[in-house]
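Note that the chains are named A, B, C and D in the order they appear, and that numbering of residues resets to 1 at the start of each chain.
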Amino acid sequence: MPNKEQNSDIQFINGDIACAEGAINAGCRFFAGYPITPATEIAERMAFRLPQIGGIYIQMEDEIASMNAILGASWAGIKSMTATSGPGFSLMMENLGLGIMLETPCVLVNIQRAGPSTGLPTMVGQGDMMQSRWGSHGCYEIIVLSPSSPQELYDLTITAFNLSEKYRVPVIIMSDEVVGHMSEKVFIRPINADDLISRPKPRVKPDKYQPFRADNNLVPPMAIAGDGYGFHATGLTHDERGYPAMTATAQDQLVRRLSDKIRMNQNDIIQYREFFIDDAEIIVCAYGITTRIAQMAVKIARDKKIRAGLLQLQTIWPFAEERIRKLSSNIKAFIVPEINYGQIALEVERCASGNTETVLIPHMGGSVHNPEVIFKAIREKTQ
Amino acid sequence: MPNKEQNSDIQFINGDIACAEGAINAGCRFFAGYPITPATEIAERMAFRLPQIGGIYIQMEDEIASMNAILGASWAGIKSMTATSGPGFSLMMENLGLGIMLETPCVLVNIQRAGPSTGLPTMVGQGDMMQSRWGSHGCYEIIVLSPSSPQELYDLTITAFNLSEKYRVPVIIMSDEVVGHMSEKVFIRPINADDLISRPKPRVKPDKYQPFRADNNLVPPMAIAGDGYGFHATGLTHDERGYPAMTATAQDQLVRRLSDKIRMNQNDIIQYREFFIDDAEIIVCAYGITTRIAQMAVKIARDKKIRAGLLQLQTIWPFAEERIRKLSSNIKAFIVPEINYGQIALEVERCASGNTETVLIPHMGGSVHNPEVIFKAIREKTQ
Amino acid sequence: MPNKEQNSDIQFINGDIACAEGAINAGCRFFAGYPITPATEIAERMAFRLPQIGGIYIQMEDEIASMNAILGASWAGIKSMTATSGPGFSLMMENLGLGIMLETPCVLVNIQRAGPSTGLPTMVGQGDMMQSRWGSHGCYEIIVLSPSSPQELYDLTITAFNLSEKYRVPVIIMSDEVVGHMSEKVFIRPINADDLISRPKPRVKPDKYQPFRADNNLVPPMAIAGDGYGFHATGLTHDERGYPAMTATAQDQLVRRLSDKIRMNQNDIIQYREFFIDDAEIIVCAYGITTRIAQMAVKIARDKKIRAGLLQLQTIWPFAEERIRKLSSNIKAFIVPEINYGQIALEVERCASGNTETVLIPHMGGSVHNPEVIFKAIREKTQ
Amino acid sequence: MPNKEQNSDIQFINGDIACAEGAINAGCRFFAGYPITPATEIAERMAFRLPQIGGIYIQMEDEIASMNAILGASWAGIKSMTATSGPGFSLMMENLGLGIMLETPCVLVNIQRAGPSTGLPTMVGQGDMMQSRWGSHGCYEIIVLSPSSPQELYDLTITAFNLSEKYRVPVIIMSDEVVGHMSEKVFIRPINADDLISRPKPRVKPDKYQPFRADNNLVPPMAIAGDGYGFHATGLTHDERGYPAMTATAQDQLVRRLSDKIRMNQNDIIQYREFFIDDAEIIVCAYGITTRIAQMAVKIARDKKIRAGLLQLQTIWPFAEERIRKLSSNIKAFIVPEINYGQIALEVERCASGNTETVLIPHMGGSVHNPEVIFKAIREKTQ
């Protein structure tokens, strides 16, 4: 590994390593974490790479501390990340809320394994998808991405940092054990300054600065600790100055804006990929590793002249509601394979609004679906 | 307060106290917790009452420990409870999963305040409703109840213990600051042995006992630590003997059953109350304190000859899907007022399947809705 | 056990229980601790007794927290205590220093077992005697008492509280597993108000009060939090107002006084008991359970016309330097049996100043000395 | 700083840096710590240097964890170190005992500041000298070194690692804020393999290996985790196989040997330096930074024809008892200046056995002695 800031190459690496390299190329210079299978390789790579380029890797005592450390680093002006899996992700939930409340850019990676509880620590699951949206207390919106390959894990990690900086919000990457541990060719594409987004900076003098006064896109410019701008940061409901404001009015202003800055900008945020959609009479909707299996199932169907299509959700939250609603009018069913007992299928069903049927193909975890199972569901609904 | 095991009386008390009295009359003899507004009064009452009747109150160092302590007490055969609010609830999420995996009867109370993060510690919110369903990692089902008054908090606490024992699952009571802190007349009704359900006991000899082998209702009999029955308990995926079983097959057997024991028995579990439903052309669907405001709005509507009805969800999870689907065919809209930015409304919308519109009336927290706002939505949709 | 504030009776109880009863009769109303063999019975008794009389028992998460909790309780005006054994005692060392710096009355009990490290958790040792004097960082003096029987544990616990209140210093009771676990008749003597000492109270108006301005005996009057007297308390070196004062001069004033208040008042503090001293040509110097064995050895010697005497140190620190120096001029040797490899013997040797020999009879722990071994040492030195 | 394993040079650096460089040249490749003034620079240097040479620096959450981490690293075969000051040193006391019980080579550095408690965090003290000997529970011996200059801190750090490996015992370096923070020329002398001692390795096959069976010098050979030798390690009293042995006999065998391996080898361990001793009629006995002040005082005395000498204790524990006893016969007094209220002076007094007077010159901390004060004591005792 060359001792240089940017790594640009085609490499044969696993998803965890690709994620770490993506973070570094996105400008991440601080990683705090606690090892947990199957996310440990991200921490290992960061521990190796960050000191080479003037970054900081810190091994924390647990995931609560890890979450707090990346928030602190971000307020100090450094792009920061942590990575974990189920049990550690649950421990991060309390202060994920702090990150949201303080509008702190940072990236959390969850390499999902099968749960609940300790479950199958070394084996795949997709059971934390709803938790990534709803796992912290209080009402909020968040951005969640889901890659289906090491290459996408590299690419979406860069996207994650960009969205995080642009909207001042923690961004979560929900990957899984198979994507994290599979090795494939990854193009570590070179990143130009233009490819990267940085948090909005104050354009007023320090004496005019109000740290939570938003611009038109609902995102407030963010001063860096030490730049001479005063700010008061609290997890309490606060006014534009950052001071606690214990009223329903202040709550409405702040908490509504925190959600609206995601909701209003969702067209800028949401990404998906479509395969064979144009003439599809049935659509498999998948994400993460399950996309790969769904692709096989769709291929089998197309080989048999069944007009199946595939919608891969790359952005999970905010949910691609509009697109799914539109697609729902013209098809016989959505087939939703998930390595859980039904999570994203609920959202698909909601957005389909009764226009079409939503068929969950659940898998409890520990392995991926057999593509034949998905194909059978396709065939059944098109007969 | 008389120093006796059962307290039976009409009292003028707040919801937190009613909850504690309900727990005691349900047989709860162990409480572990960490104080947090607005749930502290439950802990205080338990600290006062439990020593009077041979129970144990333990002040823990945080909510992680509190959650673990009530699991341990339950395995020792004692009905146990904890109570908290948003930030503490987030901290309980990791080991809530352990309770689910180990099928441990216990009751968690969340007296909701406005979030996210520290938010408004002394003021009302309903922002943790989805978290109560999805806050821990991995796929699981859970039972969640929501009371709209101190009386209901008393009654549903007893229900919570009964369901928890019957199905060997943590049960969550999602109340809120207003219900917790409002004082009203509460009938501390006397409880007979027949009113209480105890966890199923093994009916085989110790040498035949398999701690996770389920009966017909999918619930395994539960030996108490010390009764002479051996068991091995682990948060890892396990077989019927309780031993780790690191395969997708074992995962499918265990995790599917853990969810199915709730899903298959949902008709036994789900409770709701309906007001003016029969001829309703519009239905307000509410829960918790918002029910009380919705009642006022429906009253205003009825006074104006608008055929409005009210569906109060007492059981939030599993969701009253069937009932809502049925109702959706005959009405012009569901109106869903919530003290959040849209949580249960998503489920209502999903279950309505496009049969009718679902209108969210959001409130960010810190106070309750003005009934006029709900009434206006009713009127608008019925014009 | 009668539900009354004072317990007065002859009871057949072990030393741990006697200690708890002594604390209660001394006015202790707050106990914070973490269970550890062989001190657990003290916590158990306090957990049972304190709620009966309006006191507070709190189970802490560890010994660090226990130490801090009793300091906090004391500043709130309540006499407080904790109890532990070796490993927990080590964990208390950091904030024992805080108690000394803040001149906080409180009592620590160490029921010694054999160490180092986990050692023999259920078996006797006297290995923490020097630690009780020197275990926290920085220079300080402290008061340490050592009882040789359950009765003395009862009595010296009362003395400990009195000295603690009088001199505003944590007082340590260094007992051991045998004294803690042996059951004997204990006279729970009734305590009058006159028998108890309370911390000196401010005699000036709040606006004149300086919380660390000492009286003639070098002890500052102590306001109770909530009494209307302002005070600032910090573990930093501080001036008489309690404010940090980062100079060598302030350090000299404060830290010298903290030690001098013990040194100057040592004649008031030091207690010992002497047996057959007047004509003794050899003196066994012992403390704790070893006193009892030494008594047997002296008896054997006296039976054989050897003029042996016994000096029992009840106060270990400050050390009975003057008395030992005086006795050293007239005898052939001090025999010092200890259940360690030589701790108090070093002090005896120092104070003997070469006037007489000091003979250590070490025992590594796990049981007490055989009295014959001590007797042989006596005989050898008198021949 | 060149990126090479060994650094050899004359450098102008402070004591903390010299300590880090000494550790690295002694072969230390693992450092775990938590920052605390005035020891932080050691951690900073190690954080910078260790990754350059394949070593590991780990920032821990507190000093308890730091102590445990260096024990673990040592069992894995790596020379390990931590550094702290007073409050952190107190937190290390519990598991220092574990290191002693498990005979674990490692080095602890205490850069002393003025205490007790938080005291004067940035200013000098020597108040932890007795704590370094007696701070953990149970009876044990330990090796403690004290340097008087950055050069000595470099040199004694290497000595510390050698003694630690040779005797399988934690070795403590008791430095102080002035030595740690003063910058002087330090000869980072090149270290040959011959200069370094490694822990004794097993010379028997794995099936014959008993991990706590000592050689003639009372030190058992030490297998490295992973080398194929089984061992069981417990803080409980254990037999030669490492298995718990809950008897007074086992305690006597183990704990006596743990102390005797230091006591019997003290002539190999103890180091001191003498200046103008031969004809001295008065001797200043000093250590650490106070040595430097004492040198000035002795110089003043010699200039005035007073025959003063200086004994610098480099090894504090085991104590140079024999040498002091010998010197005591021929002089008028020992003068012992310490930046505390009398610690090592007590040992000097004990060893002087009444042959000569011991005069403490105490200083409470925050600065060093004025050499005139020491000189006056010299003059007074020689008149």
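The rule is simple: a residue touches a chain if its C-beta (ideal position, glycine included) is under 8 Å from a C-beta of that chain, and two chains touch if they have at least 3 such contacts.
Quantities reported herein were computed from a predicted structural model and do not represent experimental measurements.
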item: Same-interface partner of C-D, chosen from the options A-D, A-B or B-C, over half of the pairs matching; value: A-B
item: Per Cα centroids, the chain farthest from chain D; value: B
item: Averaged-CA centre spacing for the pair chain D and chain B, given as whole angstrom; value: 59
item: For chain B paired with chain C, centre-to-centre distance based on mean C-alpha positions, whole Å; value: 51
item: Rounded Å distance between chain A and chain B, as computed from the means of their C-alpha atoms; value: 30
item: Two or more partner chains touched - positions in chain C; value: none
item: All chain pairs that touch each other; value: A-B, A-D, B-C, C-D
item: Chain D to chain C touching residues, read off their complex; value: 85-87, 89-91, 93-94, 97-98, 100-102, 112, 114-123, 125, 127-128, 130-131, 133-141, 234-237, 246-252, 255-256, 258-259, 340-343, 346-347, 349-350, 352-355, 363-367
item: Chain A residues touching chain D - in the complex, by the definition given at the top; value: 51, 58-61, 65
